[in-house]
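After this come two complexes, each holding chain A, first together with chain B and then together with chain C.
After this line comes the complex of A and B, so read on.
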C-alpha cells in the first residue's frame, strides 16, 4: 500500500546567531491511508519541526532544507507549488495544541466555521448559491452532532467555550473539509484526564469511521498508546524506532525507547532516570545521537549513524546494538 | 479513632475559601466556592497526594494551608497550634515551617542575585544567625541537593534548568520546613526529566524527614509517589484513603470515572469503554447536595437533598451515600448506548 504521508531522508537545519543547528537528520516516516501514527519524543526532539515542515509554516529566513522529500498523497509539500497550497486545509488539516490561540476572538464560532468551509470545503467554489449553502449548513450541523456539541455553540464567541468544547470545535473544523490526513500536535496536553479521554476517543472514532489518517505528535506515551496503530520515537532530531503499538511497548528494541518506558511512573516501582541530558542542538553527537547516554554504547555508535532497518515485520529500529526481542533489562 | 498523646502534624478542619465575583460597581454578584468544607489530617512524614481536574480547588487548598489565602471558614492546625482561621494573622515562625513549591521552583530565584545571596535571604529574614553560621547551613543544603559548591557564586542564567530547579528547592530547605506543599511538581516535564525530579524529591524527603502534600492532576505521579491520596471535585474532597486502596478499589463514582479515564501503557484502550460524559457544571451555580450528581450514574433524587459528608471506614473515606450500589445492577452501559449530550 502506498503511503499517504511519505517523508524520506528529510534533513533540516536552523540558522542561528551561534551557528547552524542540524535539528532534523534524515527522517524517514510514512503514514498509510486510514492509519493513526504517533510521533513521540521529549520536548525539543523535533516533533513540531516535522509538523511545521509538512504544513509549510517553517520560519522562512532561518530554516534550511538540507535534503529529502515530504509528500502528501503524492504532492510535494516542500517546493511550495499550487498543488501543495491547495492540499493544505483540504486534503491535510491541523489540530493545534492550544485551540484558543487558533480562534479569532472577535468572531462567533459559527462565522469562523462557515468561513473555513467557504474556502476549504470540497466543492466550495459554488457555496455562494442557495442550495449549496444549505448543504454546508447541513454538513456543519451533522459535524457538531458527531463531536457532541449543541447547535447553540455556533452563536457563541470563543471565550464562552470551555477548553474541552474548544478542542471539539477544532476537531470539527479539521474534519469538515473531508481531509485524508489530520495532523494533531499535542491536542490534549492542556486538558484534564477525563477531557483527554473524551477528546482522544472522539478523534480516534471519527478518524476510524471516516478512514482519515492521523499523525499524532505527543510527549505523553500513555496518550500515544491509547489511540495509535503505529508509534515512531524521536530523539534529538533522529527517528530511533518505529513499530506497531503492541510491539512497541512490549518488545521495543532501541535502548532509548526502553529507558523512556522505564522512566514512566508505575505503581510498585520507582521510575528510573535516564542519565545525562539532551544534547546541545548546535553540536549534536556524531553517529547515533543517543550514544553519550546509552548503556550499550561502543565505538561504532559515534562513528556511523545506524540506519532505520526492519527487525521484525513492520518494526524498524535505528541502532547498532538493539536489545533482543524478549530482554527484560532496561538499564545495563 | 484511638486516643493519642500528641496531635497529628496537620489538621484541616472544615476549611472553606470562597471568592466573591464582582460585577458592576464592584457589587458582589456571586460567590465562587473554590474550597468548601474540607477536613483531613496528616501524620508526620506522610505524603498526601491531591488529585482532581482543573478548577477542583487543589491549588486553593494548598494556598489556603500556606496562608496565601485567608480561609473564609474553618481552621488549620499545625502540630496542635492554630495557624489559619478567619482573621488570624500567621506568625513568622509558622511560615518557616511550611513551604510551598511552585511548578518551577527555579523561577523563584532573583535573576540579579547570585545563588548564594538567594539562599542566604530566607535565613536572614527568619533567623538572627551570624554570616558564618548561615553559610555553613547553605553549604550543607547545597550538598544535599547535589549542586556543586562552585555554583553558589553564579547567577541563575548561568546554570542549567535542572540545576536551577535544585537551587530553588535548596532555597526552600534552608529553613528546615516540616511540611512542604508541591504544586504540580512535574507538570509540563518530559517523562525522563520527571523521573529525575521525583527521585530528587524522594531523596530530600528521606534526608530531611519532610512531609509532603503533592498537588497534581497526573494520576500516575500521585500513585507512585504518595502514601495517601485525596480526590477533589468542585471544591470538596470526594474520596480520601491509602493510595493502594483508592487506586485499587475506588469507591466514589467520580474516582472510578477519573481512574477509568487515565490511559495506561500496556492496559486496554480506555477510550473504547469510557463512560463519563460532559464537563463539570458552572462553578458559580453548583448543584445542591452532592456536586457530582449531575454527571453521576448512581444519582438519585435524594443526592440533591443530603449534605454529603465523608464517611470513613478504616481510614478510607468516601462522600457518597450510594457507592455500595455501584456493583448491584448498575453495570456500565455498553459503548454506543450513550446518554444524550447535556446541553448547556
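After this line comes the complex of A and C, so read on.
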C-alpha cells in the first residue's frame, strides 16, 4: 500500500547564533491512507519541526533542509511549489496546538470558517455564486453538528468561546475541506484532562468515519495510545521505533521506548526516571543520539547511526542492541 | 465594558481634566514677567492709566480670587474679552476653529493615505531596500522641524515652481458658511473655482503637517504588520492554505490597524500642536495663529481660551478614537 504521507531520509538544521543545530536526522516516517499515527517524544525532540516542514511554515531565515523528501499524496511539500500550496487546506489540513492564538481575534468565528471554505474547500470553487454559497453553509452547519457545537458559535468572536469549543471548531475546520490527511500538533495540551479525552475521541471518531489519515504529534503516551493505530517514537531528532499500538506497549524493543514506558506512573509501581539529560541540540552525540543515556550502550553505538529495520511484522527499530521480544524492562 | 458606560466614564473625567489644565496654564501665564496691563494700555500710557487697566481686568486682585472669578465666568460660557481684538474670546475661537479642524483633518487623511500602504509594504518586505529607505525617510520626517519643512515647501512649490499659493486660506470671497470647512462649503455651494482655490491653499500647510504624522503612521503600521505576521493565527492560516493576499489584506491589515488606531489620539494631539507653527508660517486663519499672537501679546484670556478649546478638542478626539478602537477590536480592551 502506498503511503499517503511519505517522509524519507529527511534531515534539517537550524542556523542559530552559536552555530548550526542538526535538529532532524534522516527521518523516515509513513502514514497510510485511513491510518492514525502517533508521533511521540519529549518536548524539543523535533515533532513540531517535522510538522512545520510538512505544512510549509518553517522559519525561512533559519531553517536549512539538508536532504530527503516529504510527500503528501505524491506531491512534494518541500519545494514550495504550486502543487504543495494547493495541497494545503485541501488534501492536507491542520489542527494546531493552541486553539486560542490560532484564531484571528478581530473576526467572527463564522467569517474565518467561511473564508477557509470559500477559498480552499474541494467542490466550493465558485463559492461566491448563490447556489454554492448554500452548499458551503450546509456543509458548515452539518460539520458543526458533527463536532457537537451549536450553530450560534458562527456569530461569536473567538474570545467568547471556551477552550474546548475552540478546539472543536479547529477540528471542524480541519475536516471541512474533506482532506485525506490531518496533521494534529499536540491538539489537547491546552485543555484539561476530561476535555482532552473528549476532543481525542471526537478526532478519532471523525477520522475513522471519513477515512481520513491523521498524524498526531504528542508528548503524552496515554493520549497516543487512546487514538493511534501505529506509534512512532522520536528521540533528539531521530526516529527510534515505529510499531503498532499493541506492540508499542507490550513488545517495544528500543531501550529508549522501554525507559519512556517505565517512566509512566502506574498503580503499584514507582515511575522510573531516565538518567542523564536531553543532548545539546548544537552538538548531538554521534551515532545513536540516545547512547550516552542507554543501559545497553557499546562502542558501535557512538560510531554508527542505527537504521530503522523491521524486527517484526510492521515493527521497525533503529537500535544496535534491541531488547528481545517480550522481555521485561529490566534496566533498573 | 460596553461603549455607553465607556462614554459616561469619560465624560465624568472631562471636568476635572479641564480644571487641571486651566489651573496649570493660569499659574504659568501669571508667573511670566510681563505686565499685560502695561501692554494693553499702550507704550505711552501713564502709571495711572496702567493702574486703571489693571483694575479693569482684575489683575490687582490675589491670584486665587482671579482664578475663581475666571472659573465662574467659564462655567457660564464666558471666556472673557480679548485685550487685542476687543471681541468676546468665544466668538474669536468659534470663527477660527473650523479652519484649524479643516487643516488637521485633511492632514490626518493625507497621513493615513500615505502612511498605511507604505507601512504595510515595509512590514511585508522587512529589511528590503524599500524598508530601509522608508525608515531613513520616516525617522528624518519625524525629526524635521515643521517650520523648516514649511518654508522649504513654500520655496519649492510657491516661489520656484509657482504651482501653489504662498499663504492664506482662499482667494476672493469664501463660499456661504455651512460647515465652516471651505472645501465642503464650496462643494455644497457648487462653486468649482472656490473649491480649487481652497484646495490649493490647503495643500501645502496640510502636507507640512501630514508628513511627520505619516512617518509615525508608517512606523506603527510596519510594526503592527510584523507583529501580526508572526502571530500564530497567521501561521495557522498559512498552513491551512489561505491565499496570501487574503491573509495580508484582510486579517493582517485589521490586526495592524487595531494597534495603529490606538495611536491616532496621540497623532492628532501632535497635529494640533504642529498646527500652531504651521498656521503661523502659512498665515492660516485658525486657532494656532491666534494662540501665537495671543501669547506674544500676553493676551491672558485669549491664551486660556485657546488652551481650554484645544484641551476639550483633545478629549473629544480621544473619545472618538476609543470608540473607533472598540468598533475594530471586539475584545473591548479599551
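Following the convention adopted for this analysis, the second predicted complex is superposed on the first by the 330 of 332 C-alpha atoms of A that agree within 3 Å, B and C clash if a C-alpha of one lies under 4 Å from a C-alpha of the other, contacts with A are read in each partner's own complex, and residues count from 1 in each chain.
Keep in mind that, in the parts below, contacts are C-beta pairs under 8 Å (C-beta built on N, C-alpha and C of every residue); 3 or more make two chains touch, one makes a residue touch a chain.
The structure displayed is predicted, hence computed values, not measured ones.
In the superposition on chain A, contact of A:32 is made with neither chain B nor chain C. In the superposition on chain A, A:101 makes contact with chain C only, not with chain B.
When the shared chain is aligned, chain C comes close enough to touch A:93, but chain B does not.
In the superposition on chain A, A:56 contacts chain C only, with no contact to chain B.
Of the two partner chains, chain B is the only one that A:162 touches; chain C does not reach it. By the touch criterion defined above, A:260 lies against chain B but remains apart from chain C after alignment on the C-alpha atoms of chain A. After overlaying the two complexes on the shared chain, residue contacts for A:133 are found with neither chain B nor chain C.
Considering which of chain B and chain C touches more of chain A, the answer is B.
Per the touch definition, chain A reaches chain B in the complex via residues 42-43, 148-150, 152, 162-165, 192-198, 200-201, 204-205, 219, 221-223, 225-227, 249-250, 259-261, 263-267, 269-274, 277. By the touch criterion stated above, chain C contacts chain A in their complex at residues 231-243, 246, 250-251, 254-255, 258, 328-331. Across the interface of their complex, chain A is touched by residues 53-54, 160, 162, 190-196, 198-199, 202, 217, 219-221, 223-225, 244, 247, 257-258, 260-267, 269-272, 274, 276-277, 279, 341, 343-344 of chain B. Chain contact summary for the complex, chain A toward chain C: residues 55-57, 85-90, 93-94, 96, 98, 101-107, 115-116, 119-120, 157, 159, 173.
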